[in-house]
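Okay, so chain A shows up in both of these, paired with chain B first and chain C after.
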Partner chain A sequence: MFDEFETPEPDEAVKLALRRIDEATARGEGSDADGLAFNEVVVNMGPQHPSTHGVLRLVVTLDGELVKDVIPVIGYLHRCKEKLAERRTYFQYIPIVDRTEYVASINCEWGYVLAVEKLAGIRPTRRAEFIRVITGELMRIASHLVAVGTFTADLSPLGTAMVFYMFRDRELILDLMEELTGARMMFNYYRFGGVRYDLPDGWVEKCRDLMKRMPKLIDEYESLVDDNAIFLQRTQGKGVITQQDVVDYGITGPNARASGVAHDLRRTRPYSVYPELDFEVCTLDHGDIFDRYKVRMHEMRESVKIVEQCLDMLPKGPVQSGSLRAPYVITPPPGSCYVGQENPRGEYGTYIESDGSRYPYRLKYRDPCFCNLQLFPKLLSGNKIADAVAISGSIDLVLGGIDR
Partner chain B sequence: MGLQVGSNPMTMDAIAVHLAATFAGDLEGVRIQEPDTVVARCAREKLKDVARRLKGDADAGYETLNWIAGVDRRTSIESVYHVYSWKTNTYIELHVELPRAKPEVDTVSDVWPAADWHEREAWDMVGIVFIGHPDPRRILLKDDFIGHPLRKDYVDLAENHPHV
Partner chain C sequence: MDILLGILRAIVFVVIAYMVVFVAALVNIVFERRALAFMQDRHGPNRTGPHGVLQSVADAFKMMGKEDFRPLLADPFLFTLAPIMVMIGAVAVQIVIPYTDGITATGLDVGLIFLVAITSFTTLSILLGGWSSRNKYSLVGALRAAAQMISYEIPMILGLIVVAMVVGSLSVVDVVEAQSGYQWIAFYAPFTFLIFYIASIAELNRGPFDLPESESELVSGYGTEYSGMRFGMFFLNEYAGMTIMSMVAVTLFFGGWQGPFAEAVQFWGVSWIGLVWFLVKTYLLVFALVWIRLSLPRLQVDQLMGFAWKVLIPLGLVNILATAAVMLWVPSWKWGLAVFSWIAFFAFVGLLDPILKYRLRKQRERQPVVSA
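Right, the complex of A and B next:
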């Protein structure tokens, strides 16, 4: 019977945190001049903590307000995505990819579809390529709106205004996507060799209209926080990711670009029609919280530019190569391939091994958040606990992708 | 300043020739997978040494570990390392075959720090033992979970989930 007064047995992560304190004490670290022992406390943050944006759990060792050690615990949202692939055909698996990283799900679909197309030697039609870039970049904007909005809400009450503005405008993008795909977030839209539906009547004008408004909206967001002394104080010079960290831990996406690393798969390893498009890879030099926020704002502007170009260049033609029957039955030849795709959070890679049957033999994701989260113990240690919340918000984690 | 992508551009052929010459006897079956990956096999005893030398290579330093995947080949278990070279902007994919009865290999987390969690994931999912790993806990599944679900012979029984 459940006894509410019984202290539960600490799990492995908490035991590890306690063991590390004991080891540090044994080494003579931390005790003060009088030989008094530590004041350290192990605090469990999450998995239901509002600032963790999902079910991230951090076992934090605190000395007063100072973070001494962090042990991230993940897996609370594990849904066996890689195992599920073994029992589903390539086609049946598309809607499941949506649910790995649900904030920018269409970019995940894109990564998966790219990998299967490469494996099976399918080429999408040109019109479909442009529709993919348009939808992918729209979701990049929507995803950055969530990232920056929730991050400012973590920082202070001033962010609550920001998060409402951003979620309001994200809804405009999701409305467009809903009209196109029939779903608000779980699109199931990309197909091998194309996309599921052509653009509905009047969609291009609506999209153009929104893209005209978007830069003004982004200016409005920036005017809310950029000159705010409290915001600057809390973000500048805090939580610096160095270029060595980028190399050591495989940090990708806006987090790497904020540290001055011009690594953007849309440019360094181009796929789809990105080589034909004119856009900048946004980099900043400091690698602190403020630069990570700023890079995302820049990227939204660039995405607006990309969408506008694609709407201008949009060719006529079919949105699905081959017959409509083609995407449903796919048996790629035996072999393996890896395709990395620039997700809003970094390199979203899909590694597929085929044994020539209708089912993937092994499917593996390289999730950007999984790699970025690995830096947390190093990044958060030595900061105040309130800054730790700000830093973890600025990294922009989506737990669905990490836990798979 | 600092880190640049593709500071030492090399063609894939040049990289393959360079690796085959530098790592003669260590890397086997070096081949190019278009457009940007060199695939090679490596014996498990040599893995750590090869990893160190790959990372320190002056022309094509493979500095960033991208991911590790465990693959169950039914007769054996394979550990796949995917490493990125900033200098040449290319990848190398290292395949290390391990016997099914004793799937053990040296950890590379001291060479590439990123390997830490990826190795934990490979242990969790496929049951590869990484000798010398600093923190060999499960990562995605619960601590008391029994079995390794991405093994092809894994059978999902209620006893495997003691916490449910």
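Right, the complex of A and C next:
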């Protein structure tokens, strides 16, 4: 009776997964030691799946509970962000940068603005530099809160509580940002040579209050899961990224630092006023899910330290170099430049090529999530489904950045 | 005449059993949502009726109004049969449970065996539903459910055996009567209760054992293809199960309907305050279920099976042997059993976590360091 209905033709990714199964069978790997055939099932996780955090699609080959193969499929959120730059002036493009990687949008803005400033030879004022560091680090905390919260939610209803606590406290940061920039997510705040607005009255005190509370809140989150045997059992020793993987796949950010690679662009290739600030690059040794979670918690604490220092050192002066009209018309000399900037998820590189006109000739991002995603087939294969979900949560992908 | 009365009695009790299932499910859904909201620092449903108490009634009507949809490739007969069958366990269990003195459908002589047998019905219909819906998530969820529920039925039975040994009867009414005068079995066999309770949480597919429908992995497990009232039946059964399982636990371990002044108000041959005590005790255990669900992360399949086969089943067997030895050789065996069982209870509660953590620490030390 099933013949009445035509099953739709599987798409390329599913076909590839099926072909790989056939190839493995042809090589004689399709059966276990007793000569019994594996019963492999190709399952489509996403683009609408509760734990892929966005529109990531994973075509997973399962052998019972075991993941044998993973094929990531991306492009469901592609909005031509890079091509759009070629038809907009440098200034007009700033709000669009926000929308690439929307969880830590201000850090992406920063990367773009840094690249244009380098290309055009503009120097931001000192006060603006400090404001940039403050806002950037605040968004780093907010972004890590989202990352850790959604990751624990993948593990259990306990994590659902964690998500609510973390989003509650992310709201506090977003409130600060709203007061400063007028927006909660798409800030459009940085300008070439400075920032758009100076800090409003009383903002510094509010920020200081929040930074005083933040370490206690982070302790609270850690106390929820760190002492929990089930959580430890599910996270320790699973999904290990080796240092060779880090080098081979270009893993950056907290994921690399959890494997002991002290690669933090704020230290290794400093920009802005980071050389003057005192903070440590947190690295851990095991490179498993637990370490990746722990690195993020540690980085939040470091970010709190950085913000507090910046609030203390905040100089007086203008927040925009040159005249206020200056950023609107920019024609950088012909040439190209690449600027890497430490996003919460890793090295966010912006490559701009200029032909001397008002529009960029070419713009290209190096998104950390895109590089981290390439590790998925290697990292997930051989784990159980539940582990695979936990691992993909701990890698912390944002599809807006991957698809652009 | 007797036959007619018997039929009437049967009808009345079936109606009561269904009422209990539906009302319990609706109450539990709102209760859990509000309790979780309270623990997660948010409001929860609070718009439908005072404090949102009518939310699940509204949801039930919404589900009934939905399209009765069936995937084209699903097996039509089994796909429809599964949600109809899923209630049987929750309803039929109540046949042997005394709500209070005077409201018992039947004092079945083999009540305890009946309890175990009839609760397995849920497993069967979950397996049917998952298998017949022709969906990979459903199938994996259903197989997980079947494996888990069968594994955890064994420690549950091992717990029930101790109850039967202590009481000396398989009849549930006898079990309640044996606990009169506050000699609740949970007081002198707390360890047995612990084993039974952990196993019953797993039987209910609730956190931390909610793998069959872990939404982060399997969308919603065996129920993925179900919608409308068919889904509603699974959903209602799951939440009614909380109350039914707590009722069973209260009856077997906490003296059922007995309590202070339980027999003070009696008319129509029924102790009404006993009914209140029964409900109060039941809902204390339901609250514990909600609390546990929120506090513990979900286990993994291998950990889940390992916990059943490596921890609970051996401990259950040892518990039976020790109880038998105490009953055989200790003169006032209730005291002896109490001493043994409380020691075992605290040893289990106190040592499980440190032992697990010690092993994890050792494992962590052996774990290769990638940053070398």
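In this text, the second predicted complex is superposed on the first by the 391 of 404 C-alpha atoms of A that agree within 3 Å, B and C clash if a C-alpha of one lies under 4 Å from a C-alpha of the other, contacts with A are read in each partner's own complex, and residues count from 1 in each chain.
By our rule, a contact is a pair of C-beta atoms (placed from the backbone, for glycine too) under 8 Å apart; a residue touches a chain by one contact, two chains touch by 3 or more.
The shown structure was predicted, so the numbers you read here are calculated from the model rather than taken from an experiment.
In the superposed pair of complexes, A:Lys364 makes contact with chain B only, with no contact to chain C.
Of the two partner chains, chain C is the only one touched by A:Arg234; chain B is not. Of the two partner chains, both chain B and chain C are touched by A:Gln243. Using the contact criterion defined above for the overlaid structures, shared-chain residue A:Gly260 touches chain B and also reaches chain C. In the superposed model, A:His78 makes contact with chain B only, not with chain C.
Look at A:Arg213: by the touch rule set out above, it reaches neither chain B nor chain C.
Contacts of A:Arg87 after superposition on the shared chain: neither chain B nor chain C is touched.
When the two structures are aligned on the shared chain, A:Arg184 is found in touch with neither chain B nor chain C.
Of the two partner chains, neither chain B nor chain C is touched by A:Arg19. Chain A residues in contact with chain B (one complex) as well as with chain C (other complex) are 243, 260-261.
Within the complex formed with chain A, the residues of chain C that make contact are 36, 39-42, 72-73, 136-137, 140, 207-208, 210-211, 214-219, 293-303, 353, 356-357, 360, 363-364, 367-372. Considering their complex, residues 1-6, 33, 36-37, 63-67, 69, 71-72, 80, 82, 84, 86, 89, 91, 93, 112-114, 116-117, 125, 135, 137-143, 149-150 of chain B touch chain A. Within the complex, the chain A residues that touch chain C are 2, 5, 7, 41, 43, 49-51, 62, 65, 152-161, 164-165, 168, 225, 228-234, 236-237, 240-243, 259-261, 283-288, 384-387, 389. Listing the residues of chain A that touch chain B in their complex gives 11-13, 16, 74-75, 78, 80, 82-83, 243, 246-250, 260-263, 268-269, 337-338, 340, 347, 349, 351, 353, 362, 364, 366, 370-371, 374, 403-404.
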